[in-house]
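Here it is: the structure, laid out below.
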Amino acid sequence: MLLTVVIFLPLLAAAVLVASPGMSGRSATGLWIAASAADLVLVGWMWWRFEPGTGASGVLDGPAFEADLQWIPTVDAGYHVGVDGLSLPLLALTGVLFLACAVYSLREPDRPRTYAALFLFLQTACVGTFASLDLILFFVFFDLTIVGMYFVIAGWGHGNARRSALTFFLYTFIGSLALLVGFIGLFLGSEERTFDMVALAADPPLADSPVAGGLVLLAIGLGLAVKTPLFPFHTWLPDAHTDAPAAGSAVLAGVLLKLGTYGFVRIAMPILPDAWQRWAMVAVVVGVISVLWGAFVALAQTDVKRMIAYTSVNHMGYVLLGLGAAGLVASADEGARTVATVGAMYQMVSHGLLTGALFLLSGWLWSRGHTYAFEQWGGLARPAPVFAACLAVAAFGSLGLPGLSGFIAEFQVFTGALEAVPVATVIAVVGILVTAGLFLLALQRLLTGDTVAPGGTDPGGEPGAGRAGEGRAPARAGAVSSVATEVPPATGIRDLRGHELLAIVPLLALAVVLGLFPRVLLDVLEPAATAVVELVAR
Amino acid sequence: MTSMSGGTEAWPALLPEGLLLLGAVGGLLLGLWTPQQAQWRVRLLVTAACLASATAGAVAMSRPDERVFEGTWVVDTTTGVVRIVVALGVAVLVWLAAPSVAGHPRETEAYVLMLLGALGSVALAAGGDLLLLVAAYLLASVPLYALAGVAKDAAGTEATMKYYLMGAFAGVLLLVGVAALVLASGTTGYPELAAALPDASPALLALGVLGVLAGVAFKAGAVPVHFWVPDVTAGTTPPMAAYLTTIPKIGAVAAAFRLVAEPFAGLPLDVPLLVAVLATASMTLGNLAAFSQTDVLRLLAYSTVSQVGYLFMVVAVAARTDLAGPALALYLAAYAVTNIGAFAAVAATPAARTITDWVTAAGRHRRLVGSLVVCLLGLVGTPPTAVFVGKLAVFTAAWDGGLAWLVVVAAVNTVASLFYYLRWVAPAFAGVPVAPVPAEGPVGSGARTSAGTRQEVRRSPEAILHAAAVGSVLLGVGAGVWLGVSGAS
Amino acid sequence: MLTDLSGGAIAAVAGLGVLAVAAGVAVFRVDSMARATFALLASFLAVAGVLLAFDLVYLAVVTALMMTIEMAIMAVFMIAFMMNPAGLMPMTMVHNTTGSAVVGAGAFAVLAVGIWTADWPTRSGRRPADSTRQLGEAIMGGHMLVMLVIGIALFATILAGTVLATSRGRYDRFGADLAASRPDDPVPGGLPR
Amino acid sequence: MTAEVVLQIVLTVAAGLIGVGLFGALSQQSIVMVMMGLELVLNGVLLAGGAAWYFLAPELPDAQVLVVVALVVMAVEMAMGFAVTVAIYRARQVDMVDMATDLRG
Amino acid sequence: MTAALAALVLLPAVTGAALLIAGRRADRVAGPAAVGITGVAVVLAALSAAARPSISAPFLGIVDGGDLRLVVDGLSAVLVLLVAGIALLVTVFAVADLPVGAARARFSGFVLLFVAAMLATVTAATLPALLLAWEVMGATSYALIGFRWDEPGKLAAGTRAFVTTRAGDLGLYVAAGAALAATGSLALADLGAADGGWADLAAAGVLVAALGKSAQLPFSAWLSAAMQGPSPVSALLHSATMVAAGGYLLLRMQPLLAGTGWAATTAAWVGALTALVLGAVAVAQTDLKQLLAASTAAQIGFVVLAAGAGATAGGTAHLVGHAAVKAGLFVAAGAWLSALGTKQLAGLRGAARRYPGVGAAATVAALALAGVPPLSLWATKDQVLAGVEGTALTVVGLAAAVLSAVYAGKILAVVLARPTGEEVLDEEEPGTRHVPLPTRVAAGVLAVFAAGLGVLALPAVADALRTVLDAEGEPSPGLGELLLSGGLAVAALALTVLVGRARPAVGMALERSPLAAWAGLGHLLSPRPALAVARVLAAVDDRGIDRVVRGAGTVVRRVAGLAARADDGGIDRAVTAVVAGTRRVAAASARTDDGLVDGAVRGIARAVRRAGDAARRPQTGLLHQYYAQTAAGLGFLLVLLLVVR
């Protein structure tokens, strides 16, 4: 029941928002923040009550806060939700990120009521996906995230937002349909004809038909790979990110991408262990290619947001590397495979926090200058030291500096995966070097040198100028026609404002906490990862 | 289970139909003494008849399946579903039509014809005999010709003419098919056919099956007898278009389902494949043709063609899997709710023909747009709307029936359908008029086009749109309840 | 099994058949609609004759009578409405003749091939003493519901036909409130009130 | 001559009627003439129905009822055809199917 | 005493973090706080060294050795003392040296963080702990080098240092994986027991990591860039920390290296060659800090050589001695830079005479650097060389030792010379013409240690050291060797001074050689090859090696560019090309359309759209055509039904 409240509380708030047309923008955002905060508090309570490793943390051993209602009896699909070590961290991440986005959007000038309602709707969809223990329910929420994000990008994006939104929708929708086809395959392949994940994991379908199992895994993997996104299905990502509003990007990168990777851990691995073992090498290869491709392409970007977007491809590649290694049962012992899995799962949370913060920070650039082009900015550390500090912390976190959460993830992925796939891992390790280079380069370009801000805009402008100025702002950040002009230091650009700080700093603080005290998360993750690895090894 | 009974004791089994007929006759009589501006009385009466019929139909579902009148009338889950959905659908559509026909001299007749058409649709679904099928076909067609042309303007009469001529042609084909089957078996009852047909000559059977299915497919608006759908939809008024694309289809798909499940089950022909090809052609052609439509009614018309394709998937596997029945029950109800909602959006601004017009007229009504988004995404099959659940059930059933390739085709088609729905959703949601679309087809330039004019949004269609949006979600979420009510689980 | 039709009957059936088809062809060959109508009538009457040979007296009579009336109505209708009444102005009003011919011929060929290659079942059961009685019992018995539905369909046809074909209704005649004591008809008719 | 051959002859006649009817329905421009073509097809159905009863299943009344139903269909469609023709003639002074082509695409 | 160890690491770390968060508000308290904390750290280090505690904090799970474990053993004991001591002195110097108005809180914060990381590095007992400390050290060095970010090139230098050392760090990641694969544990102590291919991989990883951190060949160039940082940073980074960490790691991992059979030899040779090549580079420098940097790499080369050769005690002693020497020299260089505004040797002529306090300390340190008996490096170096087996290696080592005397002589010749008054001062910044007292104190203390740490090579002390380090039985240098090296050093020193006086052209020739530009090493592993190429072009004439490097750099860049372009274009364009023809026709309408972004999607969409138009074509509005199409469709279906059964 508590979990159900957690899932639908945001939706309820969204309904209230939709139903009250007279509500002012400020109070709408206030309600949004309140709802998100309440949701986070509830998730926190669940975390508090959650006892990892005592049965209710595994994949099979009865999840906590479980609820199971029949929905479509003929196909045994139900409203089955629950929390275990796999989902709890991501639930918490969702709560944190959405609250951060709510706070960040405190001064959203453009239709704030609808904006808030959409985000709350998205939150329900995301939380629901992570909590689902039924394939169809999972799919329902999974698909709804696409719908919600489509409207966020199409309605509040900039540049060529509708086009990007359409690409995003189509691409991920194709993926989701592949996923649905795969789910139906699981249903029909299962002994007892059910969509229930727990039952399916307990008695894996298609165990004795490698071809069918492989095809179903292909369909599911395709669907998840588009969402994750993995090379070569990632081309929707940069456009969607570039044109999305900052909070939208943060949610998209921070939470929505995790739906894909979470699907691998939650569905593909435990339910299709044979197929996963057989095709794990493919996951590894795709992961490694994503790592390098993402890193190198990010290095060559001239647009901040595109660069961050590509690093997401890179980071998700690590996840796949870890998960793929977990499937190579024959070539590595269980300890190493578990370490790799834990790392992959840690990466999901870590990437959510850090990339969320990075995208919110890039929103600062847009709100001050309506461009993300590197060449339009420079020397920002002088007028905006707090922004610079936050950006630096986020960048170092993202490049995997120890002391921040990314390190915990990547270290475990590499350490665990090396035994199973030494060559691939050694190649993938190069990724963190390229990432380091590109982030430091970005810091250097944005923060140091002569202070430069895009001309023709009001650099100290109210966030309200965001929408109004959009007409003047060119479509593509890379094709900005306005001339970069040097502005005198200490004038013009305003540093991070209170609500922006309030949104970004907690994310970074959490990244630090998770980097220094990983047990907070690992205590929850490790039993679940152990269970997953055992299930895969069946 | 199925008890044969004839004679007088079977009359109670026809109570829902009787109520519909009573409503029709009573409505006509009432209309004779009703002043022109007070014909809402008839509307109330008709609505009451529909609700009563639906209630009776729901009550009847708790009883065991039976075949009455020497097997010519089947009362089972499928019949029950169609009874409820059609009756409720007509009850709603009467009110959807109200703004456009209120005060019209033929208002009473329009309502009565709607009821009679509904009766025909139910008869299609319940028919357990080829001749009853033909009779039901007549009953489900004739009133609709008049309804299509009720406005009696140039477009409406052209629509009527095309509808009538296509209908007559398909009716003739249906009779040819029935004749062939009679030649093959000497009988017309489904159970007898199921026994006799497997031994008959395949050539004769092919002709018979094809003829009968062509007639049914015409009512359902499936390829290759779909040509009336876009023209009639665009020619008639939006509420009537909603009626014509919803009510007869429900009965026709149910009839096809019954045919494939019973008499055509054991044939030495690959009937499922035939139906699967029909389904593929319908969904593909419907989606492709809708792709660059700018006329909202034609867009929706093609969308209904594609929806029939999905419905025919479950028809194809009617005899092969137990999952088919519930899938049909789900998808039929889902389709009715969602489709009526989408047409209600058009009916709310009847003068708007193109997407641009519509956005100009209704774009400011955010909730209207919101509900439209729910309905259109519902038609795509976005969860948790009813069509999603229906599609899930249909896909599962089709795969289980050995037509996995059809599932893939349908999935690809679903993606394609997203394009044109989004072409409507996106500008509506963004709230800005889309750029003027060059080279508008001749249809859009008809008398009723008034691009860019601000106009009133009609109340009752708007309410129905909202109700449909809510209903679509509720039906999706409450699919289990619906399956329980319909006894399909 | 030998047929129980006599040789003469067979010849008559064949002859009537040829006549039916020939008259059918004539429908689309003559250059007047009125003549086409009568050619169609001839075709129907020939088929009625064949039915008579099959001992389906009732059906044959019904067919002949119904079609005669129907064709008469059609002829009147043509003269009243059509552009070429009574063939006074001969003209062809056809399109796509080649394609249509292909379809028609194709359909015939397919059917004929089917008819002559199919393995026809043998007659089952005995002919009833009175085919009309058999039909009557069926209509009032097993197929009662069919006839019921057809009845409703006819009701619907009357209504639909009226709605489509006439523009005047009760409100034109008695006013919007049905308050007029006398109908307002362009041509006064009916019984005086 | 066996019954089968007679049946086949009769059915061939029916097929001829159907073929001619189809040709007419497809080739005629006038609505009424199209209807005539369709009537002709139904004429073939009448014949086939009669033959089915006489040669195949005289014990069962189904084929006879089929003939009745076909007759009714003919009548109903004729009536509707006239009504439709009147309606479209009143609305746009045409009675030719080719002249009403506003709706397309 | 575990608390002492915990505090030793956490106190500087927490204080540093607090100072950083407080920002400029804490500028006033930052200096004293830093000195205080490092002072406390010295005490804590002493306590820890005495008690040898070990602590463990839970960190990663699943496998053994996933925790954060700090253990003070013999080697660590020596190094914590050293690090803490140097940190204290350098902090004192820094407080005095930093200009007014500098962001002291930021500086002190990063210094404290850095010191904490270094202390954790030398006590880490598990790979996660080591890697954590190791990389944090790299990152803080980035921040320290780029401390004056608003001056052009400073942060770039930091970037370069960080990226280069991180390239080496990749080895440590791999080593961790290999350790897990080999032993199922991440504890450092278990790694020595590994064997087989995993051990080779682990050893290779450790080696690469250590070479990167210690600026050994081929990673040396970052050290040159790092000289952009403030002088206290240089003093800290290049004496007892950062670069020393690599040497330390190899010393600790000596059993693993030795176990593989090839890694130890490789380490020895790399160390020796670094000592030689970087010694030569140092000789060619005209900038004092650059000279010292190159010499640092060279001197650490001896430590690496020691680790490779198995002379743990000698290596440790050399590490310690060098720390004092180099810290002293950097303090002196920094003091002069602040006072005179230049660090060019030309401008520093007679600097030691101008500021005799610092000058004396610097002279002592330089003499020690030269290996003049009886100062520290003379003895420690010989102890290293004593452990070396093989003539070639010994000769290279001796040559390197001679080179160190040469560059030390170069320094001495300049700074002890009589100032002519024509020196170009204030070349880099306005000088204060004043060396504050704390600086002099720090330099003096360091000089004392530079002179005195030679005792580590005295037999009695050396044996004690060996006991502490658990390295009994390692060879000591014989008297002959000691005399030989001492003699060589003195001779080389004298010769250098003489040649510098008599034939300055020789020095100038050297200074124009590629060695002056660090032998082009800077272009290897550079993140911005283009920038590096540009800088090389400004410094020296175009040489062959540059061209290769530039080519390599261009290739890397081009790969990145290609990848980006392929991503934007290739995949999308492949599909787009198919429909390019129709695309142009439809371009105008497509623009107004909702459009579809990706070429792939767009191509498919356009194909679908055309199919859609085709699908609408049957809908002609002509009924007879509907009839015909229906008939044709049904005919097709009939055939299908009859054929496919």
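Which chain is which? They are A, B, C, D and E, in the order written, and residues in each are numbered from 1.
Here is the rule we go by: a contact is a pair of C-beta atoms (placed from the backbone, for glycine too) under 8 Å apart; a residue touches a chain by one contact, two chains touch by 3 or more.
For clarity, every value in this text was computed on a predicted model and none was experimentally measured.
Enquirer: Going by the stated contact rule, which chains contact chain A and chain C alike?
Expert: Where chain A and chain C share a partner, that partner set is B, E.
Enquirer: Could you pull out the chain whose C-alpha mean position is farthest off from that of chain D?
Expert: E
Enquirer: Could you name the chain whose Cα mean is nearest to the mean of all protein Cα atoms here?
Expert: A
Enquirer: Among the chains, which one keeps its Cα centre farthest from the Cα centre of chain B?
Expert: Using the mean of the C-alpha atoms as each chain's centre, the farthest one from chain B is E.
Enquirer: Just how far, in Å, is the C-alpha centre of chain C from the one of chain B?
Expert: 30
Enquirer: Quick one: chain B and chain E, Cα centre-to-centre, how many Å?
Expert: 74
Enquirer: Could you tell me the distance, in whole angstrom, between the mean C-alpha positions of chain A and chain D?
Expert: It comes to 65 Å between the two C-alpha centres.
Enquirer: Two or more other chains in contact with one residue: find those residues in chain E.
Expert: 594, 616, 619, 621, 623-624, 627-628, 631-632, 638, in rising order.
Enquirer: In chain D, what residues contact two or more other chains?
Expert: Where chain D meets two or more other chains at a single residue, that happens at 11, 18, 21-22, 25-27, 29, 34, 51, 56-57, 60, 62, 65, 69, 72, 76, 80, 83-85, 87, 90, 97-98, 101-105.
Enquirer: In chain A, which residues are in touch with two or more of the other chains?
Expert: Touching at least two other chains: 162, 166, 170.
Enquirer: What are all the touching pairs of chains?
Expert: So the chains that touch one another pair up as A-B, A-E, B-C, B-D, B-E, C-D, C-E, D-E.
Enquirer: If you look only at chain D, which of its residues touch chain C in the complex?
Expert: Contact set of chain D toward chain C: 1-4, 6-30, 32-33, 36-37, 39-40, 43, 46-47, 50-51, 53-62, 64-65, 67-69, 71-72, 74-76, 78-80, 82-87, 89-90, 95-96, 98.
Enquirer: Within the complex, which stretch of chain E touches chain A?
Expert: 23, 58-63, 127-128, 131-136, 139, 142, 149-150, 152, 154-156, 158-159, 162-163, 166-167, 170, 173-174, 176-178, 180-181, 184, 186, 198, 201, 527-528, 559-561, 563-565, 567, 571-572, 594-598, 600-601
Enquirer: Please give the residue numbers of chain E that touch chain C in the complex, ascending.
Expert: Touch list, chain E to chain C: 624-625, 628, 631-632, 635, 638.
Enquirer: Which residues of chain B touch chain C in the complex?
Expert: Residues in contact with chain C: 6, 21, 28, 32-37, 69-70, 72-73, 105-106, 109-110, 112-113, 116-117, 119-120, 123, 129, 131-132, 135-136, 138-139, 142-143, 145-146, 149-150, 152, 160, 184, 186, 199-201, 203-204, 207.
Enquirer: Write out the stretch or stretches of chain C touching chain D in their complex.
Expert: Its residues touching chain D are 1-5, 10, 13-14, 17-18, 20-21, 24-25, 27-28, 33, 36-37, 40, 43-44, 47, 50-51, 54-56, 59, 62-63, 66, 70, 73-74, 77-78, 81-83, 93-97, 99-101, 103-105, 107-109, 111-112, 115-116, 120-121, 123-128, 131, 134-135, 137-139, 142-143, 146, 150, 153-154, 157, 160-162, 164-165, 167.
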